[in-house]
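Note that chain A is present in both complexes that follow, paired respectively with chain B and with chain C.
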Partner chain A sequence: MSEFLERPRTACALAGALSAIGNLPDVIPIVHTSIGCGGNLANSVAFGSGYLGGGYCNGGQAPSTGVTETEIVFGGADRLQEQIKNTLELIDGKLYVVATGCMTEMIGDDTAGVVSEFRDEGYPILAVSTPSFKGDSYHGYDIVLDGIFNKYLPKAEDKNPKLINIFGLVPGYDPFFRGDLEEIERLLTAMGLEVNTFFTPGQTFENLASAPGAALNIVLSRVWGVELAERFEERHGTPYWVTDLPIGPDATDKLLREIAGRFGLDADNVTEKGNKEFYGYFERCADAFCDQDLKFYAITVTNSTYAIPLARFVSRELGWVHTGSFVTDKLADAQKLALQSEIPLKFATGVQEIARSINTDHPQNGAQRYFDDLSPLYIIGSTLEKRTAAARGAKHLSVSFPAYDRLITDRGYAGYRGGLHLFEDLIGQIMGVKQ
Partner chain B sequence: MSYYENGIPPVRDSRLKMGDSYSGSALGLVECGREGCLLQKGRGFWQANACQMALSLMMATTVENSVIVMHAPGGCGALLHSLSAQSAKGRAQRGKTPASVPWLSTNLSEADVIGGGEKKLRETIEYADREFRPEIIFVVVTCAPSIIGDDVEEVVRQARPAVSADVVSLHCPGFRSRVVASAYDTFYHGILRGLNLSPEPRADFRPPPEGCPDDGLAEKKYRYQKSRTVNVWNATSIGAADEKEVERLLTALGLKVRFFAEYSSRDELRLVAEAGLNVSMCNVHDDYMLKYLKEKYGIPYVIAGMPIGFRHTREWLLRIAGHFGLEKQAGTLADHEEGLARRAIEPFLEQVRGKSVLMCGGVVRVGSEATALSELGLNVLGIRAYHYDEGAEPVFEDVGENLPDTPVSVSNQLFEMTHQIKTLRPDLVISHNGTQGYIAKLGVPSIQLFNVDSSFFAYSGIYQILRRIVFEFKNTSYRERLSRHIKLPYRQSYFDGDAFKYIKN
Partner chain C sequence: MAKKIKQIAIYGKGGIGKSTTTSNLTAALSKQGYKVMQFGCDPKADSTNTLRDGSYIPTVLDTLREKGSVKAHDVIFEGFNGIYCVEAGGPAPGVGCAGRGIITAVELFKQQKVFEGLGLDFVIYDVLGDVVCGGFAMPIREGIAQHVFTVSSGDFMSIYASNNLFKGIKKYSNNGGALLGGLIANSINQGYSREIVDDFAARTKTQIIQYVPRSITVTQSELKGKTTIEAAPDSEQAKVYIQLAERIAAHEESKVPAPLELDELRAWAASWSDKLLQLETGVVVGGEQAGI
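So, the complex of A and B:
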């Protein structure tokens, strides 16, 4: 039996699927469930992830069967058939993905059967099974991409030796997915590679179609997208490499050198330029950073993808004293094992649970004269940590879902530029209160 | 047995004649609603929307010192992250502590869906009580546990003596109604069954000592005060500024005004029955609750539309005043206020006269505001109501009388709205929150039909509505530029045909 959760920092498989579909070019969701799921779940990231908003055809525009009591009793196959037919007539897309919710799965609708009839007639459509009780948003990302890449798209005939697919960043639940992907793309392209990131505004349906021909899949998460990449390899023969999202120059240098090695390329030009740019800006801030004593103890509260990269960045690049990383995803033991590194991690989701853990491990000064407390402290987490931080007099920046106290467009923390952005945002929270 | 005695509330679809798919005229709609043909209508194509759970949560998050327990799989509560910020703001605007609402999810897994989630629910309720010490625990029951038949009422009954909080169950599975407004009934059903709505001796008043000589004066004073106390029922779309304006007007009639049920605490809700009259601010919000309070406590109620615009506000005031025999005073008040407001809006009228407007959103608000703006010289091109039920009959009879030729539809569907905006080309769209971005992408000026940070009701409300329209017209560059870079998902052929082609009879 799974445990109850306090304020889970994810939603359901359908939510993850809709967030992924909604950020893929020309891909149209058809939500086979009651009418509220599509809107409610889209809103959770549209407003909860840096105001990501809707897109071409998600949120309130997403076609939905809107099943009611009638379909629960008599089955929803007819409604689905009608909805698909009319969606194909009304909505202009290159691929239609039917995603199920709890109630249509519970009543045992033959969704795949209805969809295969349209498929047989030549329509670009597939079905994925995404009820909430099967997994959270991160699983939904995996399920929908598995459906598109490993079930829908044909096997690659030829490989493009310079093409890389990037996986592992989950739209919405990684609030900086677009900026992060764009920086990775920028750097790899500068090394002479071609990159499919799928979820950024510059991508087209052609990037999806060309993906099976990639020479390498890079998974920027030790946990999410890994199974997808495994099955991708089984189907299309593309090997995969699981690594951490690189934040800042040290991590980015290593990533680029590793990739360059794999492709027989030289990374030096790109890393040298990256470092020159990074330090060209970074060193200018040394006066303010040091004169104003902006050195902190740092605690991070994020998903598994951001935990290790963030801890490394604040330790290595900023020289802060990292004192704890909470991973808020619900993970299986094998996934927790995959996250082993020099950074010790704690696994907890509830706001209360995390706050209590911090306060137990690091008691606050009860007016003693000599007391080595955890200050100055910076908590880098989600908006939910704002109160926890305020209660301890700590600084706070939202970088993980839900992040609704800031607006995010193309900002990302990956790479050289991302490292600067993160530095700017962390210190900006301190400068922002000056008057 | 009345609805109020059931553990699980009725959905509005089974309680009232209603529907969510219609295109025609106001009087046609009223007739279709009465005859029941509205019930038969649906669509062959639907877009996703919210559900009664979403609105139930919007209301529940406003209640002070409460915790929400989602009895649901992991995804259902996800929108609470952003709702919590909204309710924190609403509290601050009413001078209350802007605390965010803690919530938990029973996080039903595949095993729970097969084996039942009752034990887990009980554990979660107990944890919520222990960890947060709330006054109220809302147990929100969504689709999955409703389908598997978890006996939530029995779990709640057993949990009550074991926890210090009051436990209120809100049954709001989305599949039972496509109509979001069903949530009002769900919320009030939970409140009226789960909370004590009459004062408790010693907590709320000191009973007279036994044998105390009583000349009856205290009793008379109490009865008089109670008879002049008015409960005004707010909900979701009604913000603090509207409450303030309504309070100002009713206070001017010598009445004591209190607002329920949003932004009330358990202690405040216990005083609900201490009133002489319950007053609605919207025909489709609270009839379920007001009828209950009449049945249980004998408190009469007034449901008289929404106080938007001069005529509707006057009618609304007069109906309330009528209960107290204060019609003359209310008439004088309305004359005086109207005189002041009409002078104030004078500079705006020139700028909005003749402008064409499409109205989209909640059924009572769109109908009332359409006639109100029409009376001020705007040209109402069309009215789109999110749903329709028999509670809205008087509003649409009035629309039919005053705007007989205006197309009226019942639609919360963005594709139909997009079609109407593209083909009717209104100068302005006044629309429900959640649609503003889509309208901007079409390049058309728009303002919010409601926004809890602004004022809409009565005299300051109409001034602010007009001021916002004029403000919107002052610069429309953002949306003009934005719209040039937007590709709509709909095929062009749809816009060449009927907007409502997917409505089925």
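So, the complex of A and C:
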């Protein structure tokens, strides 16, 4: 039976590309595709990622060629040329990225050719090929960054031995990308390192420009950003390290010690301070947490980046019984293989498919008195899991895309502070219900 | 009651004589008193040249590009004996989507109900080469042509293109698409090439509607920018085209062809290669009768 698409957890490559570009400082997208693509795709993260919105000349304001039948028949090169010219004239930016959609790719527009003419004239511009048939939004992230770092930016003459680039968190499709990146940046900076995270408000175009000179690339996802880092190494000679996003003190300690070891630094100050802070707050809630017996069976429904870190946090830090991890992004076999760990994973995307799987694995008691009915249950997933949770009387928190039942600004779950935030959000949900 | 317009699409491999055959067919139908439109569906836009003394006409798509909209009557030009000539046109080679262009041009005519207004008896679509994508299948899709004829010689690549066309027709046949009227065997001078097309037609369950020999009269006429019907109306070749026009005018029932799968087609071609070799080397008697 062929698959059907219902309540998707990602959009096309162009959507991922636009979301990435839209969160890079002073980078302006120029969308080369049909009317409607840019706006509709912007909405997927503008609303679906905790109301991330658009930003300067992004989202619904992104310059677009909006090709129609004339361009489809005769080619859209002239229209693209016009749009680039107007955009350069009207919109301030330090880098312009032309991202293509399906229509212009299908008819074989020579986008790179048009863009290279402007490049030859000295304009900071590059083209990336992001039709939906190249992959989903996660691929779009990879394609854009590959374009900027591995095709556009010149090779660094000198390496900065203390500079680290962080990859792997996909803007929008990892709803907490900003908060997570800021916490990682905070911790590594405290250890004496310099950090490029690119996508947070505190970053500038200088962070992009300096990236080729980094001493190390850290990829906080076992899947996304890995190929990008491989090609980065080929081009700029910067080695990369793939690891999991650290959530909570246990995972964060390990990450910081590993990095400290690589750079010949001491992590103790930072880890000690982090632990003191985490447990200083945590212990104050311990009475509420323990006395009210806030222990749960936990099922997580997230993308591959969050699956393992989240499962480890709820089991190792909170002591809950983790009883299932659904990984919702579409992965190739090699990518699935990269996710092997002590956490058993299930690969599924459909909301009903996941609901069915939960109900099959954990049938409800049917009025029997002695029955392990997996209760109390907590489903930590996307907003799409809300109904599944309600049907089982389970608690629910949205942490993965799409998350439109909560507003997200600088909140993140990475690091020590992120661990506290996650704890706070998980328990806060229950307290609210208890009133 | 409005008169029933017979819409016919002529397909075939590029360079096989499709436009020549189509223009002569159109001219012959016109001479027989029918009102005819020839609709060139090829970005080269040269289908109707020999109906207009070798001159090119502005195309539907060029006009659309320049003016933003097209009134069909602005792109219809009269040619030999009052034949209406239209060229769909298309993008420059290597850019855009010519297939989509054909769809746009044909739909524009359909929407504006042009054919009914002109009181036409026949619309003949002359369609580029192979059915490479959905756009070039447009004339055989629902509501456009009723009958399709393919022009093919005895050469394998030409037959291959026809077989692809048959696949296209079969695909759309369940959806009210055009059906196959038959095969116009072109450049048939040697006996064996006639045998080859006959055999192909039999295997794909279609008929040969006319055999058109290769003739210098056609070349001479074309060099003058005319069809054979116009330049040499009493020639033997003109008679062939007139007969073709009569047969097509009388043709009523088209069928779903039975295209060969690629493996079958290759095996079939290989079997003919063996036969030709035997004829040539005299292993089998009868080479002379076969024209070798």
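Throughout what follows, the second predicted complex is superposed on the first by the 428 of 435 C-alpha atoms of A that agree within 3 Å, B and C clash if a C-alpha of one lies under 4 Å from a C-alpha of the other, contacts with A are read in each partner's own complex, and residues count from 1 in each chain.
The rule is short, and it goes like this: a residue touches a chain if its C-beta (ideal position, glycine included) is under 8 Å from a C-beta of that chain, and two chains touch if they have at least 3 such contacts.
As the structure is a prediction and not an experimental result, all values here were calculated from the model.
On the superposed chain A, the positions of chain B and chain C stay apart, so the two partners fit side by side.
Residue contacts after overlaying the shared chain place A:Ser64 against chain B, while chain C stays out of touching range.
Shared-chain residue A:Ile72: touches chain B and chain C both.
Once the two complexes are laid over each other on the shared chain, residue contacts for A:Glu157 go to neither chain B nor chain C. Ranking chain B and chain C by residues of chain A touched puts B first. Between the C-alpha centres of chain B and chain C, as viewed from that of chain A, the superposed structures give an angle of 60°, to the nearest 10. Once the two complexes are overlaid on the shared chain, A:Asp120 sits clear of chain B and of chain C alike. Looking at the shared chain after the overlay, A:Met106 reaches both chain B and chain C.
By the touch criterion defined above, A:Asp333 reaches neither chain B nor chain C. In the superposed model, A:Asp291 makes contact with neither chain B nor chain C. In the superposition on chain A, A:Ser34 contacts chain B only, with no contact to chain C.
Between chain B and chain C, the minimal CA-CA distance in the chain A superposition rounds to 5 Å.
Chain A uses residues 69, 71-72, 106-107 to touch chain B in one structure and chain C in the other. On the side of chain C, the complex with chain A involves touching residues 61, 64-65, 68, 90-92, 95-98, 100-101, 104. Across the interface of their complex, chain A is touched by residues 44-54, 72-82, 85, 100, 102-113, 120, 123-124, 127, 131-132, 143-144, 147-148, 173-178, 180, 414-415, 434-435, 437-438, 487, 489-491, 494, 502 of chain B. Contacts from chain A toward chain C in the complex involve residues 69-77, 106-110. Interface of chain A with chain B (complex): residues 1-8, 10-15, 28, 31, 34-44, 47-48, 53-54, 56-57, 59-69, 71-72, 82-83, 86-87, 89-93, 101-103, 106-107, 131-134, 136-137, 351-352, 383-384, 387, 402, 404.
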